[in-house]
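Notes for the one structure printed next.
For reference, chains read A, B, C and D in written order, and residue numbers begin at 1 within each chain.
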Amino acid sequence: MITKKSKWESLQQKINIIIYGTNTPAGRLFDLVLLGVILLSVILVMLETVQSLDAKYHNQIIILEWVITFFFSVEYILRIVSLKKPWKYIFSFYGIIDLIAVLPMYLSLFLTGTSVLTIVRAFRLIRLFKILNHPQFTGQSIHLIDALIASRGRIFVFIYFVLISTVFIGSMMYVIEGPENGFTSIPTSIYWTIVTLTTVGYGDISPGTPLGQFLASFVMILGYGIIAVPTGIITSEIALNSKKEEQKPKQHPCSNCGVEGHQNNASYCYNCGSELNDE
Amino acid sequence: MITKKSKWESLQQKINIIIYGTNTPAGRLFDLVLLGVILLSVILVMLETVQSLDAKYHNQIIILEWVITFFFSVEYILRIVSLKKPWKYIFSFYGIIDLIAVLPMYLSLFLTGTSVLTIVRAFRLIRLFKILNHPQFTGQSIHLIDALIASRGRIFVFIYFVLISTVFIGSMMYVIEGPENGFTSIPTSIYWTIVTLTTVGYGDISPGTPLGQFLASFVMILGYGIIAVPTGIITSEIALNSKKEEQKPKQHPCSNCGVEGHQNNASYCYNCGSELNDE
Amino acid sequence: MITKKSKWESLQQKINIIIYGTNTPAGRLFDLVLLGVILLSVILVMLETVQSLDAKYHNQIIILEWVITFFFSVEYILRIVSLKKPWKYIFSFYGIIDLIAVLPMYLSLFLTGTSVLTIVRAFRLIRLFKILNHPQFTGQSIHLIDALIASRGRIFVFIYFVLISTVFIGSMMYVIEGPENGFTSIPTSIYWTIVTLTTVGYGDISPGTPLGQFLASFVMILGYGIIAVPTGIITSEIALNSKKEEQKPKQHPCSNCGVEGHQNNASYCYNCGSELNDE
Amino acid sequence: MITKKSKWESLQQKINIIIYGTNTPAGRLFDLVLLGVILLSVILVMLETVQSLDAKYHNQIIILEWVITFFFSVEYILRIVSLKKPWKYIFSFYGIIDLIAVLPMYLSLFLTGTSVLTIVRAFRLIRLFKILNHPQFTGQSIHLIDALIASRGRIFVFIYFVLISTVFIGSMMYVIEGPENGFTSIPTSIYWTIVTLTTVGYGDISPGTPLGQFLASFVMILGYGIIAVPTGIITSEIALNSKKEEQKPKQHPCSNCGVEGHQNNASYCYNCGSELNDE
């Protein structure tokens, strides 16, 4: 009774479990291998831009790059083949990223001077963000993102205030210091103000006049002080989240008797004593 | 019965709603257009100071500047006209800022060498702070400002202590390093101390003697440590505020039955079940 | 019956109230004038080190300096005269500081090449710390100092760990980078490590080899991370203090009926209703 | 009945108490002397690398180094001798470190050009970490380490996110700025990104193009903002720990009546009134 079609479907399902699953040994191995190849490909792109290494190992790098491109191509095709609604994947964010990871090498066959294409391969990096969707990290990621979202209003007000201050201080420094001390234009002065306010302080531009140094000192102390504001916002948000999480009772009802409202640190149902399976 | 005067009053009221209102579509559109024009004018002032751009597009920038000045002039007149007590606006903080936004271009007709006037136009930027008075952000702004005000005593003590330390360390570095290592005077040494203590570290001045480097290391670790103090002050204040806000019951009584003391997250009156209109 | 001695005692008491008191108008005025003169004297010492100003106004600065020294001398004598146990003051910390503030100018009459004496005058600055003993700030200062003392154990462990890491990383960078990249000795490498770990980053020394830059990147991320530790320690301490202060009942019993344990925000005695006088 | 063997055992025990004990005066003295010698040896290694000092005091440094090596050798042998199971110590972490502290000088007799061996002596520093195991600091250390371990999940997600962003921004800056502005390769660009994101800002590499400066400004504000995340994580964790510690009742039951659950700040048993011995 096993027709050709159902054989195909069974194969499709097997591939799907390996590629998209995270529970079977084969699925985990595939994830690990993929992670390794992505890291290797990103490191390759980096090393290629180092003149001394590229001059020495140019051919080896090209060959490795083609091997990786072949691996990614097969993976891309398998991903499409193993899905019942491939179009949804193809036009998804990660679908497009996966395609971008493969294209540059093929295009380099037809085009010359493809230094930009070389860099496009760095986009493969984005695939590494997928790991944060892994169940092991989702909780932690969501926790942090929640804290950021909850405080987005105050953060917006803070950044808005900082940006306007930046433009204002930059304009003043342009008038005080002028082009002869490196403040060649207001945008450059604003760049200096951001470099100073964030306490980065390259020193490529630094005030030369006493008045400029006085204003710069003021900007630094201001920057030193206002770094406390985003920290305060995020910290109090995270602390609030942590407390809520601790206080909230276990979500899942007991699988044996169905009673809900277990304490957060409970391992056994308080009603029937059967073990509670978390997550 | 509609006399000429009442016609005028009706017009005055219409303009007032458009300019000062934030609830009607026309009022919102005006706010958005104004925001855009202010941003454009600030960007223009910036670009004008970039030599290469100014050389190329000088005439276009001048024309655009006049268009913006005309727009601001009309807006300024309408603001005065639409108010019943215009003097209160004219001598208010934002009234003076609005006038300063308009004046420079007119004065530039009579004066030459008005590079300072060019910069005065950057004051238009201050008009952008008005947005923080928008109901959507008021809550967040007040929240942050409250936290700063509540901790002003400790912040004053902290800044006072930092400033005196700065002068003291600056004097010591002047004696240790001296003019031959760039510490030309005590004010310059103090400037260096602030650059170091706030972890900006330009590198325009840096200690050259072993003793100076030792003291500098001490200053850095001190600066690294005391950044924790303002952060601690602000964070604990914001955290306290957040908790209070969460605990305090809804301010407004139910508009239907007048019962007060609703929970913070309540959407319906607990007494009569009618919807609570927040804010 | 008013003998000469009691006249003297009465004068002594009057001077004492003006100099040491903070409650009478005369006492407050004296405090303000003294604050102003101290600030002026500190600014004078600073300006004297600025070559261009000293060349121009040398005589004026010297005259002003003598006026200030005379004022401080009179103040010092009055402080001793107005006390019943002058020796206790003379050998106290601030007594010695007050003497140091006066001595340099008199010594400069007998000694030449007194550049060090010039700087000693900067010690007058320390007198400004007295302000923090003012009742208005004592609460705030104690609050901050308490938080620091309470967390001294953890801060010691943290600094100890940072210092050892600093020496260790410094030694490694000395081996990796060597004298040819500016890491001339282990102490210099340790100086660089502190400059980097505290995110100051002068750029007077920066790694040149790929391995050195890799280790430097690691140090920076480490420094970025561990800045969170002192902040966390101090913040949680301040937050704890704030909470305790809020929860602790009024210290002073009611002056009318003697009942204790009033709520922190109470203005009237809960037992007899008479006003509570705080502080 | 005191045989030779038991005499040996008695001596072994005495040495053990001096070397490993912290309660007897002799044990404490030994700890202090050892601490001093370790510090001296580390300072010696440092000073040896300073050219001017090494040229002047080469012989004195060598002699002192041999004295220290002899002291460490004796200590190492005594440690082994005084234990009943010496192998456990010899192959423990600190046992290997203790051996490494001694070896280099002996090896320098047979080998020449032992600059690396010189540095290996810096490993003696690690012995200083032992102090953190001292009962006085254990509580504090554990407290901090607990906070770090409890938040390891979020910290991993954070560092992972920062590292990927770093590679991504580095690649973009390499394309925008290119080798002519110092961004010679992607690894170098990543190094610059870390220098900027952590607000270190050496200034050895800094963006030269307007677009590069704009992206750099964005990176700085990002770095300024995300420093709040690890601080928030650690702070909320430490605050949580502090609270738990405060709330948790005394661990030890009353030594008189055996009743448990005393309040944290209790000095006397609430049941029988006998003093509670803490620790």
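Convention: a contact is a pair of C-beta atoms (placed from the backbone, for glycine too) under 8 Å apart; a residue touches a chain by one contact, two chains touch by 3 or more.
Bear in mind that the values here come from a model prediction, so they are computed numbers and not experimental data.
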| item | value |
| --- | --- |
| Fitting chain A to chain B on CA atoms, where both chains share a sequence, rotation angle to nearest 5 degrees | 90 |
| Contact-pair overlap exceeding half with B-C, pair selected from A-C, C-D or B-D | C-D |
| Same or different residue numbers at the chain A/chain D copy interface, by half rule | different |
| Most remote chain, CA-based centroid, reference being chain D | B |
| Inter-chain centre distance, chain A versus chain D - centres from mean C-alpha coordinates, in Å | 31 |
| Whole-Å gap separating chain B and chain D, where each centre is the average of the chain's CA atoms | 44 |
| Contacts with two or more other chains, residues of chain B listed in rising order | 187, 190, 199-203, 227, 231, 233, 235, 237, 239 |
| Residues on chain A engaged by chain D in the complex (per definition of touch) | 42, 45-47, 49-51, 116, 119, 122, 125-126, 128-129, 131-132, 137, 139-141, 143-144, 147, 155, 159, 162, 187-188, 190-191, 194-195, 197-204, 227, 230-231, 233-235, 237-239, 242-243, 246 |
| Of chain D, residues touching chain B in the complex | 199-203, 231, 235 |
| Chain A partner contacts - residues on chain D that touch it in the complex | 153-154, 156-158, 160-161, 164, 167-168, 171, 174-175, 184-187, 190, 196, 199-203, 206, 210, 213-214, 216-217, 220-221, 223-225, 227-229, 231-233, 235-237, 239-240 |
